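Note that the chains take the letters A, B, C, D and E in the order they are written out, and that residue 1 is the start of every chain.
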Amino acid sequence: MLDHFGYVVTVLLMVAGLFIVIARGNLIKKLIGLSIFQTSVYLLYIVPGKLIGGTAPILSPQFSVYSNPLPHVLILTAIVVGVATLALGLALAVRIREAYDSIEEDEILMRDQIANSNEGMNA
Amino acid sequence: MKHDLVLRVIGKLLIPYILLFALYVQFHGDFGPGGGFQAGVIFAAGIVFYALIFGLENARQVMPDRLVETMLSSGVLIYAGVGLAGLFLGGNYLDYFVLDPNPVHGQHRGIFWVEAGVAITVCGVMLKIFYMFASRGRSE
Amino acid sequence: MSIAAHLPALQVVLPLISAPLAVLLRRRDLAFWMVTAAAWAAFATAIQLWLQVGASGTISYHIGSWPPPWGIEYRVDRLSSFVLLLVSGMAAVMLPYARTSIEREIPEESHYLFYAMFGLCLAGLLGITITGDAFNIFVFLEISSLATYVLIALGRDRRALTAAYQYLIMGSIGATFIVIGIGFLYLTTGTLNLADMAGRLRGVESSRPVLAALAFLTVGISLKLALFPLHQWLPNAYTYAPSPVTAFLAATATKVSVYVLIRFYFSVFGESLVYEHLPLPQIMLGLSLLAMFGASFIAIFQDNLKRLFAYSSVGQIGYISLGLSFDSVHGLTASIVHLFNHGIAKGAIFLLIGGIAVGIATPGAVAPAPTFDRLAGLAKRMPLTCFGIVLGGLSLIGVPGTAGFISKWYLILAALEQGQFWLVGAILLSSLLAVAYVWRFVEVAYFRAPPAGHVARKEAPLAMLIPAWLLIAATIWFGLDTSVTVDTALDAARQLMGKAQ
Amino acid sequence: MSPETVILVALALPLLGAIGIVLAGKSPNLREGVTLVTALGLFACVVQLLDPVLTGARPAVSLLEPLPGLPIAFRVEPLGMLFALIASGLWIVNSIYSIGYMRGNDEKHQTRFYVCFALAIAAALAIAFAANLLTLFLFYEVLTLITYPLVTHAGTDKARSGGRTYLVILMGTSVLFLLPAIIYVWHVTGTTDFRAGGILPVGMDKGAVAILLALFMFGIGKAALMPFHRWLPAAMVAPTPVSALLHAVAVVKAGVFSVVKIVVYVFGLDMLAGVTDWLIAIAGFTIVAASVVALHADNLKRRLAYSTVSQLSYIVLAVAILAPLSVIGAVLHIAAHAFGKITLFFAAGSIYTASHKTEVSQLDGIGRRMPWTMAAFGIGALSMIGLPPAAGFVSKWYLVSGAMAQAQWFTLAVVLLSTLLNAGYFLPVVYRAFFRPLSAEAQAHPHGEAPLPIMIALSITAAGTLALFFFPDVPLALAQQLVAVR
Amino acid sequence: MQAQAGAGRRGRDDIEALIIDILLVLMAFTVLILVRIRHLFTVVVLSGIYSFLMATVLVALDAVDVAMTEAAVGAGVSTVLLLGALHLCKSEEARPAHKPWIPLAVSVSTAALLIYGAMGLPDFADPDAPIHHHVVPRYMQNETDVPNVVTAVLASFRGYDTLGETTVVFTAGAGVIALLRRRRKAVEKADGK
């Protein structure tokens, strides 16, 4: 079968996530893109660890083939990092929304420019 | 949602089981899927569920902010402390073999405490974050 | 238990524990003393480790007593001990400064969190430096990054929030790239231990996943170290973060990223892979030159002093990456020495700028941005601060007698070795750009009349001046006595390139 | 004290003096007292070194070694000895003069002025005693930076822009040309020490030698070789004592001193045979072109500045001829020009202090009101033109002898032409001062001579200019030692 | 008899692979829709669905621990957090102001690089891949007497990573407190204006 099909879809997911992060101006949508980007990396690690016919790496006399546990451990950590980043990002987005009354990057930039030019005039 | 009787009844029935399940996940982690992190999240989810049904203030009485903030840091301290215990008992950092005269028991003991630390911090953090967001409110 | 054998673990664990303790105690003063004591202990540990490594070679420490590659290994060699020295030393000097400085910048009820975050950032940076495990690098990178985002967002200007958010996005993309790179390496070698990985890579050199890993790691780490076109997060982050944060980041964060890059290039991929199979050195040379000229040029036209020196940092990073592009012992030495020297000088400058922010503020009000029109004639009121900035600036220029000269010397040496005379010219020409931006400050501060109706200003508090001047003194010291810096860097470079004597 | 200790004391003394000046900043009398005492002490130190050097000793000290094989070290040899003597000796006179000038003109920031002055002298001495290129370069840069506040002393826009030119040219040339040259020397030879006979390997490629020489000559921007001379007139925005000591003695002499030192101790005269023609041409061009500009300059200080540009190139030219006699001439000219030009600047400052006149065209008849000043000016002018009984004659004599020995007809032509031009722009000043009637406007503003300290200083240097003609023994002995050690 | 068992087994294996592929395709669709949609509430719901699909795939890939965590975190915590944040912000994304050519170029070149690298990786479920042979066998020897190898590696062999991970969580928690703590005065609003 398609030996690398898993990889191709993984790549598609990753790139879609990355695209949302860079291309979208909405702070929350960016974060969702970021988390999709991060999540899809899980597949990159886990898919190769799978052995067809194997089972989850919980040792038991009934089974002899287990999927690789190491990627699982790593990805557990990565998931935690992902959610930690998301939480902080959202907290920042909320604060930005309060300070600028917007979560659109373009509007925020515009408001900063106005503030900058005012600063220049006062000086 | 506060006044939805059905939800309240179901919640009352369900929440203890959620918390129990969290404990199961915590202590069964050696033998099946699960462990401190999942347990912490599930436990926090139980409280969040409670907060959604019975209101944030009620939840805050069950799990007061002080307690939550203490959990936040004590989990990490327990974990790091297990590591230091390894040092004091003559091993390397995070060495569980020296925690018990029988090295394999030492591993069990180490893993138990470490998982406990993870669960406490994770539960504390999840709850704290939820509280922070929930109590922020829309400020216009 | 003998402490000496466990120093590598304590190096990271002490600051790491100090942070939750600070949060647990919730008292501002206790938190301060907790984190500061941890930082000082970390500095003492780093000195001890540096001496040990210098005397008896690389130290390997097995965490959990699991031997590598099964467990996580801490590995201290000449290079990592040097970077540990820089990072912990900076924290040790800057924390006392921060105590006075943040009183004016951060609401009091958040102080304990500030210290906790500072401790975490420190622990993260130290962890990245000391570990010998690829995935562990990522974990500690995230600890330091998350702490950094929060620290930046604590700045008083609302633009600090957007700066932190932007850094969070770019930093996370970078970190994810790094994870992808590590993933490729792991999938081809089956191990996560850096040394083991290097050994197993010798068999599969230049296979496609390895090259992809190299590319992803390079891009990811370059995002973190603000290599020229990927530097966009840096100027705003440095400008709007609280002053001690700016100083600490400028002195350590990008430097540790450089360290990671060097570590991967020389200790994992090996120079033959990095430098022979890909046009990487050429690309890096081009980007470095762009940074040296482009960013320094932009710096000249900045009106905010903090932003000016932020762009200068981007330019100076160009020198560091330029050294890497040479693939020679002297080039690498230049990079290592410059990351140290520039860290000290830039840290000192940002500390002093923090002092200016205090000095030009009306008492009780929020400090205004240190823009040039507010700095006119400042030297009269704040002579020590201004003179310190000038001395630090001389080091950025690379005037002999300052630390900056030493690194440029080795950079030029490396260019000469390869017969690239035009590059010598380029390096020197770019330092003239540094003259230009440093001199803008000199002219304004020393030779322009103070604005009419200006508020009464006086010198920054001693608690802020002393740490800053310690670093300025170090900048001069390391320009005159290089037995610590150059010897270590040369040794480290030889060790990395397998040309140990 | 052993000569080694004396070196360290001589280097440290101005620094201590600077600290003392800062501490005494509140009380002007005490502050100037500190300056004078420091200057006298320094000169005493330097004089102590003269005897050992004349008897062949070369005391040396090494401070630090920032880069392996590249220490910061000092070593006193004849050329440096002479430069140190001139710089420290004239500092005393200049300090006296400064007191009169700075007070007479109510200048601001006087403490800063005296501090920078002391530090500048320290840097000049360090340059004089430098034992290798790195040390020389280090203090060369220090000298640039420390004199910058002096140049921009007035703080006006004009002063700032002059200061910018000053800094850009001096820093630019030194970083872009001098530093690469030093690095290249180190790259080739593995050392930057000054050694008699040169350090470059025998048989080095002539092209490389020529390029290296060019880098050095243009890199030493303080020698004001065209086209990098613009900083010198720009620096004239500084108060006159600064122009006098720094831009007639310390800074520009640090430049030509470095030129001579590098030619003699890095290249060696033999090494350069056949590669200096272009340098002779450029130096010759600079001499003539600068003189022509000076001829048209109405501002007195500007005229003096271009005269300096021209005179500095005499020294470069003399060295470029590579004849031992002309090198002696170059060394003597360092001394002669120092005394002559400082006298001229003193006179210009004296005129400004007394009458606030800055242009040559305003000077009609002023010699009757300020006879001493203008007499001193006349002596300085004689020295510049190279007429007896002034010091400039001696140095030019050696220069011309050297050129004759090498059959350098071009040089002779240049010297002749420039002598005429020098006469052309100096004598009219003297003529106006003594033989033209006072203008109506000047008559309306009566004034006498400048304050006493100015007059004392002026007289000392004018007398020195004459004395060097009659008793050139010490500089001559040093110069001969320099050439003899080949 | 044996051949039959083998055939049956292979059939089961193929089905296993097929399920995984179908789930992956579903995920791809979800994400593609997600890119287009601008109503943020829908986007959040879709990202929750995405996480559930991910968790299912992970179960199929035998990563039960990871699946459980992803279900709890990705579909649970993240969604709650996003909804909470959305509650505090606007829920409609603005129309992009300019064509996203540069992001597209960056994404495409990243994709190319990823594909380039991934094509050189060992085949899917290749038992000879280095990751199955170098470090893992020792983990399987059950030195810690903990049957769930993931737990054993997580908490013991690589326990230090997990300490780091816990610290990351702690950092996020403390960071959110620092960011969202109510200030006594609203300072930052006054500043920029």
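Simple rule for what comes next: a residue touches a chain if its C-beta (ideal position, glycine included) is under 8 Å from a C-beta of that chain, and two chains touch if they have at least 3 such contacts.
What you are looking at is a predicted structure, and each value in this text was computed from that prediction instead of being measured.
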Set of chains adjacent to chain A and to chain B: C, E
Each chain counted as touching chain B and chain D at once: C
Between chain D and chain E, the fewest steps along chains that touch one another: 2
Chain whose average C-alpha position is farthest from chain E's own: D
Identity of the chain that, by mean CA position, is farthest from chain C: D
Interface ranked first by C-beta contact pairs: A-E
For chain B paired with chain C, centre-to-centre distance based on mean C-alpha positions, whole Å: 36
Computed distance of Cα centres, chain D from chain C, in Å: 44
Whole-Å separation of chain centres (CA-atom averages), chain B against chain E: 22
Euclidean distance of C-alpha centroids - chain A vs chain C, Å: 26
Contacts with two or more other chains, residues of chain A listed in rising order: 14, 18, 27, 31, 44, 48, 56, 58, 70-71, 74, 76-77, 80-81, 84-85, 87-88, 90-95, 98-99, 112, 115
Chain B, residues touching no fewer than two other chains: 31-33, 37, 69, 72-73, 76, 80, 83, 93-94, 96, 129, 132-133, 136, 139
Residue list for chain E, restricted to those that touch at least two other chains: 64-65, 69, 73, 77, 81, 84-85, 88, 114, 118-119, 121-122, 129, 131-132, 135-136, 139, 147-148, 150, 154, 156, 158-165, 167-177, 179-181, 188-189, 192
All pairs of touching chains, each written as two labels joined by a dash: A-B, A-C, A-E, B-C, B-E, C-D, C-E
List of chain E residues in touch with chain C within their complex: 113-114, 116-122, 129-136, 138-139, 156-161, 163-165, 167-168, 170-172, 174-175, 177-179, 181, 183-184, 187-189, 191-192
Complex contact set, residues of chain E against chain B: 64-65, 67-69, 72-73, 76-77, 80-81, 84-85, 87-88, 143-148, 150-152, 154-156, 159-160, 162-163, 165-167, 169-170, 172-174, 176-177, 180-181
Residues of chain A that touch chain C when the two form their complex: 14, 18, 21, 27, 30-31, 34, 37-38, 41, 44-45, 48, 70-71, 74, 77-78, 81, 84-85, 88-89, 92-93, 95-96, 99-100, 108, 112, 115, 119-120, 123
Touching residues (chain side chain D, partner chain C) in the complex: 64-68, 72, 134, 137-138, 141-142, 145, 149, 152, 155, 159-160, 163-164, 167-168, 171-172, 175-176, 179-180, 183-184, 187
In the complex with chain C, residue positions of chain B that touch it: 69-70, 72-74, 76-77, 80, 83-84, 86-97
